[in-house]
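Shared between the two complexes below is chain A, which pairs with chain B and chain C, respectively.
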Partner chain A sequence: MSERAVASERDLVALRPEQATIPPGHPWNRIPLIAAVCALLGAAACAILGAANPKQFFFSWLVSFLFFLSLALGALFFVLIQYASQGGWGIVVRRIGETIFAMLPLMAALFLPLLLGLRDLYSWTVPGAAEHDALLRWKAPYLNVPFFLIRAALYFGIWSFIAILYYRGSRGQDVTGDPGVSARLRRIAGPAIIVLAVTQTLASIDWIMSLTPKWYSTIFGVYFFAGSFVGFIALLSVVAVAMRRARLLDTVISAEHLHDIGKFLFAFTAFWAYIAFSQFLLMWYANLPEETIWYKARLEGSWMYVTLFLAAGHFVAPFFYLMGRTVKRKGATLAAGGAWLLAMHFVDLYWQVMPTLHPEGLRPSALDVAALVAIGGCFVAAASWLLRRQALVPLRDPRLAESLAFENA
Partner chain B sequence: MPFDPSRTSGSSRAPYYGILAEFATPADLYHACERVRDAGFTRWDAHTPFPVHGLEGAMGLRRSPLPWIVLGMGLLGAALGFVLQWWVHASAYPLVISGKPYFAWPAFVPITFEVGILFAALGAVFGMFGLNRLPMHHHPLFRSKVFERVTDDAFFISIESWDPLFDQSATGKLLESLGARSVEILES
Partner chain C sequence: MAQTEADLLDTPVAGRPTLILRSPDFHAITEVVAEAVERRTPIGWWLFFIPSLALLGLLGVAVSWLFWEGIGVWGLNVPVGWAWDITNFVFWVGIGHAGTLISAILFLFRQKWRTSINRSAEAMTIFAVMCAMTFPGIHVGRVWVAYWMFPIPNQMDMWPNFRSPLLWDVFAVSVYGTVSALFWYVGLIPDLAMMRDRAKTRTRKLAYGIFALGWRGSVRQWHHYETAYLILAALATPLVLSVHSIVSMDFAVSILPGWHTTVFPPYFVAGAIFSGFAMVLTLMVICRTAFRLEHIITLRHFDYMAKIMLVTGTMVGFAYATEFFTSWYSGNPYEIFTFLNRARGPYAWAYWTMITCNVISPQIFWFKKARTSIPILFVLSIVINIGMWFERFVIIVTSLHRDFLPSSWGYFTPTIWDISCLLGSFGLFFTMFCLFVRFLPMVATAEVKTVLPQADPHWQPGPEREIRDHRAARPAGGPEPAPEGAS
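Showing the complex of A and B:
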């Protein structure tokens, strides 16, 4: 117990609500409006450009939808493991995660436009696709439109249920201060993680893998999870540093917390690479057509450059960049790494989805940007609107004092 | 018992290791370390039964060079692992395996990774041994009777006699003034 830990525990153990809210007149109060305007402009651009090229619109929308969905799912996993492991350090940044996974019901609404384009996106939904294809016929009990829709409804129902349960519980504790809330949420965190793992795996199979309906990969769900968790931690690092810069929570989130966020980012960057390479290595080695078909599309033409960029930008560069201690403890350097990995997470999803539409090579489209701005605008507007209405940390969590005083050994 | 520099267990003229001071609590030790650090001593150490958070800051220790050793060893191991496989498969004894090219780099990655990890781990263990000058079969501190409680409930500072600022009488008095429960002179 160092001098500093003792001092900070004494000073901050009773965090007053006004120390952890966005004060009136603060620039962050304007974010919801700005983001909503962006969302409207993006949606208008999608409508105008998409009318001329609906197929491109649906694929662009799918990439951006998956990007923000994966961030929200990563946030849910992060908070669930904090509860399950009774983690102390992360309490001060937990509300950021809670705000982001509270966007899961919104993601259900943003999923709806894709339903208009199922035939453009998923070749197996075209009537008669399975008729002359033994493999698709064999997969039809799973890959059929009614079951696909039922599953999607189930995923969003389950995710929204868990998200609302945890969000409400945490917000309620701000008022009541009841430590029983933490104990209750901890008890269900383990089962919730299992449910999340299963639904997230199946969702990634439905929405990404089935773009190439004859492709087999048993590790794909883990790959999607790895990307989603890297994406969320990257976002968390950016938001935490941005808050400190904006003089919100600047006395609450310390270099110690940034250091731990940085460790997560470093570790899961390596985990993502481990899973991504495991998938590639076994398929490359076995050389079976139903597996290599997916990589063949990504190792030919200009997609090859995207593949190499992904390997270098999503693993090699951030791995060495985030290795050192100083980089993780300084706001500017950590947020730079986080912003980079967030962008690489988008590239990763783009690389998973787009070769289905453009097997001839990388074809960037204005619709990619329009869909990103439209969905991102909605996401940021809703999340920042929530931030305005709530405390920025779980004020009366029994472990808040431990988190405030946290120091790396 | 007040500190008396003439009271030593051996001949006072014999070369001796330094001074050992015992503190009752981690907090006492922590604050004493800050003062010893601020006094400018360089050849000294603190001994506790369990890790005391922040003590390295109170002692003014620089960060260990061990991470650099681990990184260097890891990179060296990875490079050696990769070159070994290239030499075996593509140069010394080329064989067609599963219809893959001789230089089938994706197949080399797991071994490259594992050898990198192995060397990094060996670098961490033996680097730590080297930096701590281990194994060490005896240490003058073990002559002290009170020091036996270092693995139980006592906290110590030892200052070595070859510290440039060391002065038997003044250093002992300093430690006593910092709240030491006992101060003794250690033979080498």
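Showing the complex of A and C:
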């Protein structure tokens, strides 16, 4: 690199706002409208199809709800960890994460339809379920509807609070340029991570584990976390590459940043497999009926193929695909890997939830698609609407210059 | 926004701090590190070495007596068939993990502060693995058939059970020991060559020269070296997770309440890193003073290590809470009993020691004052290691001592030989570590030099340098400036 190039790179301390916004007339300005139309169509399909088969609707809705919720929670964790560890490289993609976790209040609204179907989803909520079941009676102090609702309200309250705090702080810094904002947000990142870990673990117990109310696993919260983090990083890689393609941030997000996102994707795909396999191995080995019941449902009939597909598609294939350096540094190849893992994250959640409804085997439904389009439409519409109204990078973060000039050694 | 000197010093988020204080030049780093090895053996070294050697002797006596008399010399008996032997094994394997995390994972995460401590942390890993390997070897009872642990073809056509995690342990720990030793040795080569080139006697020149493998420091050699180092780091990274996960499966694959729980693998890994960092801290507090390395191993390094201990300690606490909650949530009376028995039973003292040392005490590291206070760090590093030893003791012994049948309940009490083996393993560890600091450069000089400001290709003497000097300068004998950042 020539002396001059080095000098100009080092002088690049701030971006001009027009370098980091969606310009008027850009095709991305139309995304909110398109997504909103999709959401409406999806919602209409849900209403029509769901009226005939409410049980299927609630399960389909739960899977898609969990999918987008986990992406938002993964984004929140990613940004919190960037603050806590004073990371430098990722500042240029932090706003993408911030926009995604800003959807957490929206997810609270999208949770509400599930409340109409608690009895369809969670067998322990059926009145009288515990009457003749000593185990459910024992669990009743935790697994009861009022406490379930209070907890859900608490989770969403806490997540929205953290999300808004960090979103506002970061947006505010765009205007004021006050480095103290970063310092303040960094100081509370540690406690926020602890609160997030506890609430996310309990939420995974409430919303997924209690589908099989007698089953339990201490690693389950970690499993949910691992999946959501992989999901978010996969989404981040897709969005970052899409932005570069759309000539947004193409001078800002470089191959170096894609490389680092790819490394995260690779590492956490392996981490997900480690956690998933730990749970499976220990339950398979001990072979206790109260634990294997969960895997029995997933290793029988056509669910067995889904299980094998999950192992191959969520770990083996992406592990080898993402190992090389070139794949991670090229937009097209990285985004392909990211899109694949995003789909596999959906399969993972589908595989966790759906065998409760269809123990007899895999039964894909049009409602699965309708719910995905409805929730996804809302999510994308709101997120892209936010993107239009804000800078696409934290313009005046004190570490922005470092992030812009970042190079892998 | 122009950054002023005050901004750089006071804003925790702006700029990256200088890691090495007093602005040494490259040669000064070489001098201070090599001097520790080249100077006459100081009295202080003997003060550490002789007691360590004595404890190592104690290990020899204890193990000899064990072989002569049998496992009965220890306090374990039905129902507690595993006690301090496996506690010590897990404890020592865990200690090793910090070294691998520092040298592999922190390397991949570009945490440059690792350069000051990675050499000695890796040495610590190897010695800890040596201590750990002792215990499975001696606890088998018939030590002359200990080789049956290995899948060696034999005329009896008898194979170890490949589905047993005890066999996985053999693979996991021996791979871990091998890779750690290789990683450490590859890192040592440039410094061994440095010691060879500085050697004043033929013996030294020959001894260091053989192990330096003809290193000349050419660009081509460095190129290969850095590639090899990156590959070894990538290979060692899964080992940080896999070794202790497999160790945890020694317990978790069973159906014993208190042992069989799915969170064990990641939870053991977090605990291992927690205890390992505590041990690194104990050693570094002593070494940096003894070898006048305060400007290389600074309070900032301790600050970072304390943060890692806070994170991993809190993870461990979270895992305790998850286990406790899930035991209730399971509704399984044996699960519930095991956990209540831990907190309220005859071993409650051990349980609460564990909670106090591992969960409560590291919370003080939320405060920067504690993270940068040498006395607090030193005391806590020892407290944490006591706590982590007790964690393994609690898991192993409290889960065993009250069997499903109350008629088979028992209480484990250690004998003098249990205690001798534990103390003796510390003797082995510290003897090795004393020899290490006496004969090998305990800081990776080439790596430390790369984090000096003048190693940056864009560095030039100028106003920026003054700011850095200002940060580094301190009056002779005055207190070390506390690293800025984090409250």
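The definition used in the following text is that the second predicted complex is superposed on the first by the 399 of 409 C-alpha atoms of A that agree within 3 Å, B and C clash if a C-alpha of one lies under 4 Å from a C-alpha of the other, contacts with A are read in each partner's own complex, and residues count from 1 in each chain.
As a working rule, a contact is a pair of C-beta atoms (placed from the backbone, for glycine too) under 8 Å apart; a residue touches a chain by one contact, two chains touch by 3 or more.
Quantities reported herein were computed from a predicted structural model and do not represent experimental measurements.
Contacts of A:E407 after superposition: chain B is touched, whereas chain C is not reached. Ranking chain B and chain C by residues of chain A touched puts C first.
Within the superposed three-chain model, A:I219 lies in touch with chain C and out of touch with chain B [touch as defined at top]. By the document's definition of touching, of the two partners only chain C reaches A:Q86; chain B does not.
When both complexes are overlaid on chain A, the residue A:W138 reaches chain C alone and has no touch with chain B. In the superposition on chain A, contact of A:P398 is made with chain C only, not with chain B.
Of the two partner chains, both chain B and chain C are touched by A:Y285. Within chain A, the residues touched by chain B in the first complex and by chain C in the second are 281, 285, 409.
Of all residues in chain B, only 26-27, 30, 51-55, 57-58, 63, 67, 71, 98-100, 106-107, 109-110 touch chain A in the complex they form.
Chain A makes touch with chain C in their complex at residues 6, 10, 13-14, 86, 88, 134-135, 138-139, 142, 177, 179-180, 182-183, 186-187, 190, 194, 197-198, 201, 205, 214, 216-222, 263, 270, 274-275, 278-279, 281-283, 285-286, 288, 290, 396, 398-399, 402, 409. Every residue of chain C that touches chain A in the complex is listed here, in rising order: 1, 7, 11-14, 16, 108, 110, 238, 241, 245, 249, 252-255, 260-266, 310, 314, 318-319, 322-323, 326, 329-332, 366, 458, 485-487.
Only residues 1-5, 277, 280-281, 284-285, 287, 323, 325, 407, 409 of chain A touch chain B when the two sit together in their complex.
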